[in-house]
Amino acid sequence: MIAVYLLLLIPLAGMLFLSRVRDSHQAGRINIRFNSLSLVASLWLAVDVLLEGPILSHSQMLYIDSFNVYLIALTAFVGLTTSIFSGPYMAHEQELGKVGKKRLRLYYTMYQGFMLAMYLVLTTNNMGVMWVAMEGATLATVLLVSLYRTPESVEAAWKYFILCGVGIAQALFGTVLLYFAAEQVHGIQETALLWTVLHEHASSLNPGVMSIAFVFLLVGYGTKIGLVPLHNWLPDAHSEGPTPMSAILSGLLLNDALYAVVRCKMLVDGSLGNHQAGNLMMGFGLLSFLVAALFLHRQTDIKRLFSYSSIEHMGLMTFAFGIGSPWATFAALFHMTTHSLTKSAIFVTVGYASQLAKTQRIEKIRGLIRTQPSIGWGLLIGTIAIAGFPPFGVFASEFLVLVATMNDYPWLTPLLLIGIGIAFAGLFRHIQPIVYGDVPEGQTAIRANMLPVMIHLGIVLFLGLAIPAFLGNWFNQATLLISGKLPL
Amino acid sequence: MALFFAYLSVVAALASGLAALAVDKSPGLGRFAHWLLRRWPKLQVRAAGVFSEAHYAEFHRNSLFVLLGISGVSAVLAGGGALFGGAVTTDTLPLGLPWLNWHIRFDALSGFFYLLIGLVLIAVSLYGPGYVREFEHGRHPLSVLGLFTGLFVAGMELVLLADDTFFFVIAWELMSVSSYFLVAFQHEHASNRRAAFLYLLMAVIGAMAIILAFGVLAGFSGGLTFDHFRTVKLTPVWASVAFVLALFGFGMKAGLVPLHAWLPEAHPVAPSHISALMSGVMLKVAVYGFIRFTFDLLDQVLWQWGGLVLVIGAASTLLGVLYAMMQHDIKRLLAYHSVENIGIIFIGLGLSLIYISEGQQQLGALALVAALLHSLNHALFKSLLFLGAGTIIHQTHEQNIEHLGGLIHRMPKLAVVFLIGTLSIAALPPFNGFVSEWLTFQAALQASGIGGGVLRSMVPTSASVLALAGALTATCFVKLYGVVFLGLPRTRRAATCHESVHRGMLAGPAWLAGLCVLLGVFPTPMIESLNVVTGQLLGVTLPGASALGWLWLTPVAPEVASYSASLVLVGILLTGWVCYQLLYRRGGLEARRADPWDCGFGGLNARMQYTATAFSMPIRRIFEPVFDVEETIEEKKSGPGNFQNTGLHYQLRVSDLAWPYLYAPVARVVTWLSRWVSRIQTGNIRTYIAYSFFTLLILLWGIS
Amino acid sequence: MAITELSHYQQAILLLASLIVLTSFLMLGQSRLLRLVFIFAVQGILLAITTALAADVLDSPHLYISALLTLTLKGIFIPIMLQRLVLNMGLHRDMETLPNPARVMMGGTGLVVFSYYVCLPIVKLSPLITLNTIAISMAVVLLGMLLMITRRQAVAHVVGFMSIENGLFFAAVVSTYGMPMVVELGIAFDVLVAAVLFGVFFFHIRSSIDSLDVDQLNRLNEVEK
Amino acid sequence: MAWLLALLQTLLFIASAPLLAGWLKKVKCRLQNRRAPSLFQPYRDLRKLWRKEPIVAHPASWIFKAAPYIVLSTTVLAASIVPLIAVNLPTAKIADVVVLIGFFALGRFFLALAGMDIGTAFGGMGSSREMTVSALAEPAMLMAVFTLAMSASTTNLSVAMNYVLHTGLVLRPSFVFAMLGMMLVAVAETGRIPVDNPTTHLELTMIHEAMILEYSGRYLGMIEWASQIKLMLYGVLIVNIFFPWGIAQNFSPEALGFGALALTLKLAALTVVLGLSEVLFAKMRIFRVQEFLSFAYLLSLLGMLSHIILEVRH
């Protein structure tokens, strides 16, 4: 129980503390410390939940079950590794004169602020607070997107701000409707926004209201997930912000938005008793998956490229959650993990690559394997992994998604097949020339700390080969929670 | 026991892969050895010698291939054990998904393909050390090559072991990805990169199709292990869906027309011993997958499937050899012949499917045996030819056969070995290629037992296509051998090259050549052992295969057809010897050397001899429609009024129809779609808000 | 039941609701930024009154607080801040005329009808006639989005955004008598921060594309170049 | 006993092959109103060639020297498995008709290699054309054989002939087509007019001769002999498969004698037909050979189809 409070207090303290640290190098190190602290706390929490099952705080404001606890651990882990990467990276950016001391201070403060918002989204039991935290995450990152103050970055930040703001507002409307529907049920007036309570009485919530509410929630949080056609902010924000930012945006924020949607879906399913919510999610997911796959082909900016790949994968997960069968749910949960690990690792590598080539333009970066093998291989392996090749974990989840789809919606499988083919081609036609080939002049090796990448890819590889028992147990429990059945 | 050897083989392959990473770790290893052997100073000295800068490189190189050799030998043992023992062993490894561990099953079919891998692997491990030396000093790290070779081999073997979908696909993709890195190994040429990209793309799509094929079975059986699949009953429609998906997926890997076009791009650009493994062995793994899926997992067989496979196989056979005829890059030519031989194998499989669907298990078994035997034979002679080609390229640094010639005088030993491979692939008696084609013919000839008249006429027609392809193959290899080894050297490199100094580079191919002759002359034991496979798959065997004794091959019955390769060989040798005695020994005059007939003009030189292009011209003219030919003649004229020709330049480009008619359109469609889609992202924020606005409206309208 | 039979409180609610929609329409049609901001302030005040009214009738004290918050934020602070910005940046002179206001207005009324149609199932839910206001609030939300779609001025976008918030708030008050306090506070805090950030961004945008015309923010796109 | 008989039959076969060539020449001369050389002229030529000193070009490798032996031995082996005057001989079991085609292919393969061994334009051209023609001829040949094999349900020649003998005289449309197809193939394979002209030495027209242009002495002798055997082989195949009557089914002397007599008559008749065709037709351009052979293939295919459609009970 204490672990939860720690989890929320540590980033808060970090935020306050970092806001007054002037030396940026030191700030980087402190940032790492705080993140490792919260990782410890999250692991502690994970152990608790593993041993005692779901935890509900006395005020009922916080609720940890097997679904969000592994997301918490994941968030903490990615947060830590990314902070390890971002220290030297931002220092290098500072040497290049892209950012000043003050902005770096803002950066580190907001880093912790963002983590705080993430933890809050995941731990809270109150749909309203979840909304608040989600909006808070936007506000925390919006200034980081425009950190470089280039026209593009400002534009990206503005779009990010407005679009997510509007979207999130709709989510709030959905929440209001949720609350309203709950109030109609007698006996839960004062606790009507608590997820646990809602889930308990899901069957007695009014279907009409719930379905409207879900539309607003889906469009609202879906904007954050980056579902087509609400995705437009995502590539801009990813490509223009500092790379660590892109890493945690892709690796964490999208996951948590999806988490929120799934929580809502569980309520709506309980109330409607039909597959409407699932169908909506499948539709959005498939659309995002296919469109993003096509977008991949026309990218000229390497970070944009991978942000579209993020959209594609989020689409796949949304689709899988939409199917809702145990296999699909298991796959989606697993995919959340592997994707955020792999994608953040890739963004780290991409950050180094663009620093090394002094540009983000794809056609300017060539022959990485010759310039700096570690980065070249990192990028290549990462891409192979994200493209869903075994023995990397991403494959396992994509495999299960395909099989599950073949089970329930066989006529959709051709679309998935085509999508995966197109996506792979789009991704790889850009990456292979970057990695292989001859080196352009002026491209020199840099000091790069590939440890985070290796750790991430190592874990993903391991997960692809074997899922340890406790993790499998987690996934099974979460699957049971969401889909109501155990896979096999 | 067999399973133990199978595991051992995988482990050895992986070990060689990992050992490759230690390429420049000699000091560390030296210190480690020093610490390890501190008890035995003698050994310490020895180790110090090994790990010294001078010797380490060679030691390391050899150790890699020794490990591969161990893997090969144990693979042969494992395969032999399963094939002659006839036992089915199963196992599970505690890996994979929490509720789906890796299931292992090792039966005669896997054993047979294990044997196949092992035999080729031994040759490669003999060949390798000499061949890869050129990679040691250069831009290509040997560690990458070694690592992915190990993974590649391990992947292929794991595919044969897999007994559940998840594990199967993992192994399958491991095979594809690692071979991708091998194809992209020499990545400084843009063409190689392109080939590698295409290769991986095809692998992805194929794998997806395979997953879906398994997905159909999984959907009906509710499980993901093959045991579930074996018991499941499907409706004909769904069975056909699964079958078509499997045919697409495995056929794409196997390089069936029209999905073949990536194959001749990818296989030749890898290092030659890898090309041998890819063309010789990996394609067979695809065949294995198809057999496993169709004959083992699917519960029924429809005659339409057989017809489809038969047609596709025949098309691949014919087009493969025709395109091969037009190639002048020695390795591309061989790669295209892989397409042809895969076609032959699939003709056999198609016949088998037809017969089984007609309820004639006996004949089905015969056709299956023919296909399996041809897989083995093709693995042997194609690897042999690729290794030989590798030696040629290694010694002359020429891939274009138009620049070679007269090598038989400079590399007599290689010439003999290569000739054996050539005779085998040209399906000439008494070599092994002929045996399997003969069996395929025999299977096709039993078509009179088939019910449907369409099939009954289709089967012999496909057989005649096979005959045409066989004859064209002979033509093509007369061209290859004649241009490369015979005649006069066309370039200085060809004139000055010499036999490779490294003995292994000859021993590898020679080992395969020996096997070719052995299997060609004594095919019966092999076929007898294949009975175990058909027995496990179809429940029937070929009882009469050796009705007249083990020297004779009588697939159906002695009176229907019989062939005794050994006696044929004896007969040829005997007659030849008699003629030799009568005409030469008995007062025949010694042959006198003189200039060849030059019509009295004198000065014959290499530029006057027939080129490969000229040789294959009649075929090109006759089969015009299947090629995409681009022929240009530039005349340089000069003098007053440009009346006199001072120069002629003739250019010919013959390419595969699959590009303009299949691959290019798909690419165009995708590009068009992506351009079209990317219009939605206008960059104007008001548009974006409008998107979410209208999304909202539409959804609200939709639900209410 | 007809409006005549309602209590005055309810009648007042309905009246306010209609007024709020009216303000939304006015904003939609308004071409001068200062007036836009002014109308926005009026809307905020109306919202505050509504909240206070609800608080009084339902005597739920925490609604007073939220009423106070609304008044200070939406009614006073944000409008004044926006006005300052407009004046400092000298945007008060240039006026942005819609291509054809009539169609936009028609669209707006269409939205009102649409949201009513959508909300029918909710309205049927209970005899409480004030539920119709949910339709109104949804209409306000949609109108706010419409405002953002039709205007090119960043300031107008902010106003639209904020009026969406107003719509939400209104819905919360009239349909559910206010969200739990913690949520209210959270939302208020977010709105505050958002407002401040908007202020910051105006200067960034101004410095990057020396104007606040969002149509010029289109460097990042995927369209064929 | 049987093996000995088989050996004798083989010897008889290869011994009488030149005689057939002589006879063919005689027929043609008669038809062209020329005085013919004696029937035994081919023997004299062969003896002369064996006596001569062979000349081998400088660039030639061992393949050039080995090729004639291989060609001759494969042809002899082929001759040994074809029933000449008696069926049920054990040698027929060594190889069936598919292998027979394989023998021809083997010999041709080495001959073509030998043609390319010297590195002159002639050899290459000859090899290329020879291989092309044979590639087109082989499917037609096989199709014809299949028609037979499917009716007799065997590819073993001796068994097939037995089958035809025992079914007695049956007018099979399939056999008519198959025989015609086989005849055309035989013309192409043995390099006779109109496909090739064994007597020409014009660079542009010759196929077979261009390939063996460099051969002389005993090598040339062997090749000539082999081609004579091949000619006779095709003749024997045609007459014995489609008109097997008279061939000996037991090994009693009178049966054998009668068989020999019958065979001689049949072959003589067939040769007359061949001679007629050679006189009547002119040699065709190399690129019209494909039409000729595709016609042959069409005939055999028709044979196959008529077998399936007309002769099998459905």
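List of remarks:
All chains are identified by letter, namely A, B, C and D, in their written order; residue positions are counted from 1 within each chain.
Methods note: a residue touches a chain if its C-beta (ideal position, glycine included) is under 8 Å from a C-beta of that chain, and two chains touch if they have at least 3 such contacts.
Since the model is a prediction, treat every value here as computed from it, not as a measurement.
Averaging Cα atoms per chain gives one point for each, and the point farthest from that of chain A is the centre of D.
Among the chain pairings, B-D comes first (most C-beta pairs in contact). Spacing of chain A relative to chain B, judged by their CA centroids, is 43 angstrom. For the pair chain B and chain C, the distance between C-alpha centroids works out to 70 Å.
Chain geometry summary: the mean Cα position of chain B and that of chain D are 36 Å apart.
Separating the CA-averaged centres of chain C and chain D is a span of 100 Å. Within chain B, residues 675, 678, 680-681, 685, 689, 692, 696, 700, 704 each touch two or more of the remaining chains.
Across the assembly, chain D contributes no residue that touches 2 or more other chains.
With touch defined as above, residues shared between interfaces to two or more other chains in chain A number as follows: 158-159, 162, 166, 170, 212, 235, 295, 298. Screening every pair of chains for touch gives A-B, A-C, B-C, B-D. Across the complex, chain B is touched by residues 50, 52-59, 61, 63, 65, 69-70, 72-74, 76-77, 80, 93-96, 98-99, 101-103, 105-106, 108-109, 112-113, 115-125, 127-129, 131-132, 134-143, 146, 149-150, 153-156, 159, 213-214, 217-218, 221-222, 286-287, 290, 297, 301, 304-305, 308-309, 312, 314 of chain D. On chain A, the positions that touch chain C within their shared complex are 61, 126, 128-129, 131-132, 135-136, 139, 142-143, 146, 149-152, 154-159, 161-162, 165-166, 169-170, 172-173, 176-177, 179-180, 183-184, 190, 193, 206, 208-209, 212, 235-236, 239-240, 295, 298. The residues of chain C lying in touch with chain B in their complex are 114, 117-118, 120-121, 142, 145-146, 148-152, 157, 214-215, 217-224.
Residue ranges of chain B in contact with chain A, taken from their complex: 94-100, 139, 165-166, 169-170, 173-174, 176-177, 184, 187-188, 190, 193, 196-197, 200-201, 204-205, 208-209, 211-212, 214-216, 218-219, 223-224, 670-671, 673-675, 677-678, 680-681, 685, 688-689, 691-692, 695-696, 699-700, 703-704.
Those residues of chain B that touch chain C in the shared complex are 675, 678-686, 689-690, 692-693, 696-697, 700-701, 704.
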